[in-house]
Amino acid sequence: MMQSAAVRQLVLLLPALGVIVLLIGVPLGLMGWVSLLEKSASAGVDWQASPGAGNYLRLVWEEDFDGRMILNPTYLVIFLRSVLQAAVTTLLCLVLGLPVALWMAGLTRTGRMVMLLLVTIPFWTNLLVRNYAWLIILREDGWTTAVLNRLWPFGPVQLLYNDAAVAIGLTYSFLPFMILPLYSVFEKFDWRLIEAALDLGATRRRALRRVVLPLALPGIVAGSLLVFIPCLGAFVTPALLGGGKTAMLGNVIQAQFGPARNWPFGAAVSIVLLAIMLAVMTAMALWRSRRAPR
Amino acid sequence: MTDAHAVTIETVSKSFGRGQSAVRVLDNVSVAIGRREFFTLLGPSGCGKTTLLRLIAGFETADGGTIRIEGADLTKAPPFHRPVNTVFQSYALFPHLTVEQNVGFALEEQGLPREEVRRRAGEALEMVRMQAFARRRPSELSGGQQQRVALARALAPRPKVLLLDEPLSALDLKLRKAMQIELKQLQAEAGITFVFVTHDQEEALTLSDRVAVMQGGRILQMGPPRSIYEAPTHRFVADFIGDINLIEAEALAGGGVRLAGGGVVPVPGATPGRVTLAIRPERARMVAPGAGVVDATLVHSAFLGTAMLHKLELPDGGSFLIREADLSAPMPERGGRVGLCLPAEALQVMQA
Amino acid sequence: MNLRRFPVMREISIAVLVFLYVPVIVLTVYSFNANRTATVWTHASFDWYLRILANPSIRAATWNSIVLAGTSATAATLIALLAALATRRAFPGRDTTETLLRLPLILPEIVVAVATLLLFVSLGVSLGLGAMIAAHTAFCIPFAYLPIRARLDGMSGSYEEAAQDLYADRFRTFRRVTMPLLWPGVMAGFTLAFVTSLDDFLTSFFLSGPGTTTLPVYIFSAIRAGITPEINAISTVMLVISILLVSLSFFLGQLRR
């Protein structure tokens, strides 16, 4: 009885685990291996090359004309920009998302359902299309630029192809990722705690700071993670709204697998991106487990 | 060989979990339930009564022992091969089917022709007076109505045994009382063995032909409601069922039991040593000081509507309840001394 | 006094809603603008919609997208349904299994996309519809799995016990009770998987071969070539389809809870 139930479970799980392992696990493992190889003359992967850390070293150093290794800041800057851009976006999403989640939780049942749908819809609509919409709004010959040029006396305004445009696009893309986990915390919130805080002499503002925010912390962390990680690997937003000087990690990976045709180097950049992501997630998990016993 | 019993359970054990964390829920339980009997498993939550019911239904498999239904060994049979049906605590009416489809479910599974299914589902609904609701969905019914549909659904395939898992616990008091009477009538009408699980001792005593009181995975005492109530053999049983006075006492070598700070009551058959005397509050009487077996102080009296409840304090500090049905009896003053009369035939001696 | 109300929260929320929906509305409005420059509003017209209907590359891309989403979502839903049934009861290793099933949600898509490209190219698998279907099926699994699992979690096991008690064997119980009760969750999961595949750009971008462009890949290259009113029109169509499908899935999820 016991035995056959276990076998049945395994058989039912096999297709799912098989697909995930073969089409996600194996490719990632292969990429880790390729990141240690070199590109071949024909722009593919030189499978015969002896594995080494050359691609990773190239992220930081380059060989100058005399054969010495000197610091190459190109990729370091991109890394830094990606992390900063992701951090700024996370913060913007938090500032905008927290009030929405808090307000939603206070609505009637129907109101909550409607808001939930309104917040969820952008989450599922095409990322490309949504970034394209911003392209229309921010472009040089659009009315937004025209209006701002009238108001701004110091020369023409350039809204597109800069870090700010990318930040707007990323915030727009990932805001629902912040609102939804926060809302699920506030939905279960025991509002009598606020009553208690007010009774103990706190103002609404103080109650918000001293009671609501600390209890919402797990939701804040979950939401931040959900925004930060996809931001790090963003490609579409910087590709459409950013310019040459605003490239992020995703653009580097695409370039190496696309026009530059250096797959091993692109693989190395991907692995580094995965490593940063893993580090952030581990840090959060540690923080959570340290907090849990209390 | 035909078995005279509807359900025979022999040395059945069941544990949940494995290794260190394993919990023994049923410990060597044996019961024989007669045909057409209204049999109740009574006990506090976690005593194993629901597990025993689920073993009979086939939702769990016993670790050891045998379960026979009308003589056939069905210990390892899956639920769909057992001629028993269950009324679930939560009713478990299929939300996607109408009342009629719910009641006809088992009949269809048994492969009866469509006409027959409809006819017998109608009959079953009629039995619980729910035929007017045949086309409704369960979610459109009240709790009591859902309860009736659940009963009809379980009775429609004419099982040999009907299992009822605390079916009345979700109803309010008034409805529960009404349903108790109806259940009893239904059983008489259908002529089916009922195995009923409850934690409500009053319900158990009212409904059952026989009651098994369970605790810690064992059956402590089994018998007609009256003997369970009047002659509990275990302290736990005495305490669990109704109000009872438990008095620490000492059995004497020459027969009789001596109360602390009082006289000797002539109860035979106790092994000398420390014992517990049990007596129901309505079986003890108050008499003049010195005229009873022991003297006590009246602490408090309360009017219950049909009786007076007096709380007394015994010489050893223990408290004692007396339920006086005769409202015209003379009432002593609070704080006054009274004598306690404990009729020997009403006393139950339990080894401490 | 409502305890759940805080100062300025409502104002911020309304501003955020405006932020979320204005770009979408602007895009939609522009798609009806008759003027080609797209800066100047001339008058409303359906010209661009008629043009995209007539454009053979858009029609081919749309067909590819539908075939891709339909196939991947069906495969992912079937696989996810089996997995959800298997993970219903606790067993050693369930947490690990669930993490594995959710992996596509956590990993950055671009990394998985290029890794899959690497695998297919090194194995000699030709890029195109087949490659895309395989990759899309993998990342659609969690989108189908989560709604089905949620539905199962909210479903009392006593319905199935009742069915077995009423003489239905395991197979009949699954057909007559489990499946009908699970159906809204399965449909919600399928819809979400379908939308996810339909909207996907990155994976298709790397794995599409010659002649198997999907609609998002087509839109991306068109945007790169310059903003045109046709792009506004296709984007609006994609937007409307996604909104309809997501709303459908949402209502299926709320059904008969």
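As written, the chain order gives the labels A, B and C, with residue 1 at the start of each chain.
Please note the rule applied: contacts are C-beta pairs under 8 Å (C-beta built on N, C-alpha and C of every residue); 3 or more make two chains touch, one makes a residue touch a chain.
Here's who's who by UniProt: B = ABC transporter ATP-binding protein; C = Spermidine/putrescine transport system permease protein PotC.
The shown structure was predicted, so the numbers you read here are calculated from the model rather than taken from an experiment.
The minimal number of chain-to-chain contact steps leading from chain A to chain B is 2.
Comparing the chain pairs A-C and B-C, the larger number of C-beta pairs in contact belongs to A-C. Comparing per-chain C-alpha centres with the mean over every protein C-alpha atom, the closest match is chain C. The distance from the centre of chain A to the centre of chain B, each centre being the mean of the chain's C-alpha atoms, comes to 61 Å. Between chain A and chain C the centroid-to-centroid distance comes to 19 Å (mean Cα coordinates, whole Å). For the pair chain B and chain C, the distance between mean C-alpha positions equals 55 Å. Partner chain B is touched in their complex by these residues of chain C: 156, 158-159, 161-170, 172-173, 176-177, 180-181, 256.
By the touch rule above, chain B contacts chain C in their complex via residues 57-59, 78-80, 84-86, 88, 90, 92-96, 105-106, 109-110, 139, 153-154, 157. Looking at the complex, you find that chain C touches chain A at residues 2-10, 12-13, 16-17, 19-24, 26-27, 30, 37-39, 78-80, 82-83, 85-87, 89, 91, 97, 100-101, 103-104, 106-112, 114-119, 121-122, 134-135, 137-139, 141, 145, 192, 195-196, 199, 201-202, 206, 216, 219-220, 223, 227, 231-232, 235, 238-239, 242-243, 245-247, 250, 254.
Put simply, chain A touches chain C in their complex at residues 6, 8-10, 12-13, 15-17, 19-21, 23-24, 26-28, 30-31, 34, 44-45, 47, 96-97, 99-100, 102-106, 113, 116-122, 124-130, 132-137, 139, 141-143, 172, 175, 191-192, 194-195, 198, 204-205, 208, 229-230, 232-233, 235-236, 240, 250, 253-254, 257, 263, 266-267, 270, 273-274, 277, 281.
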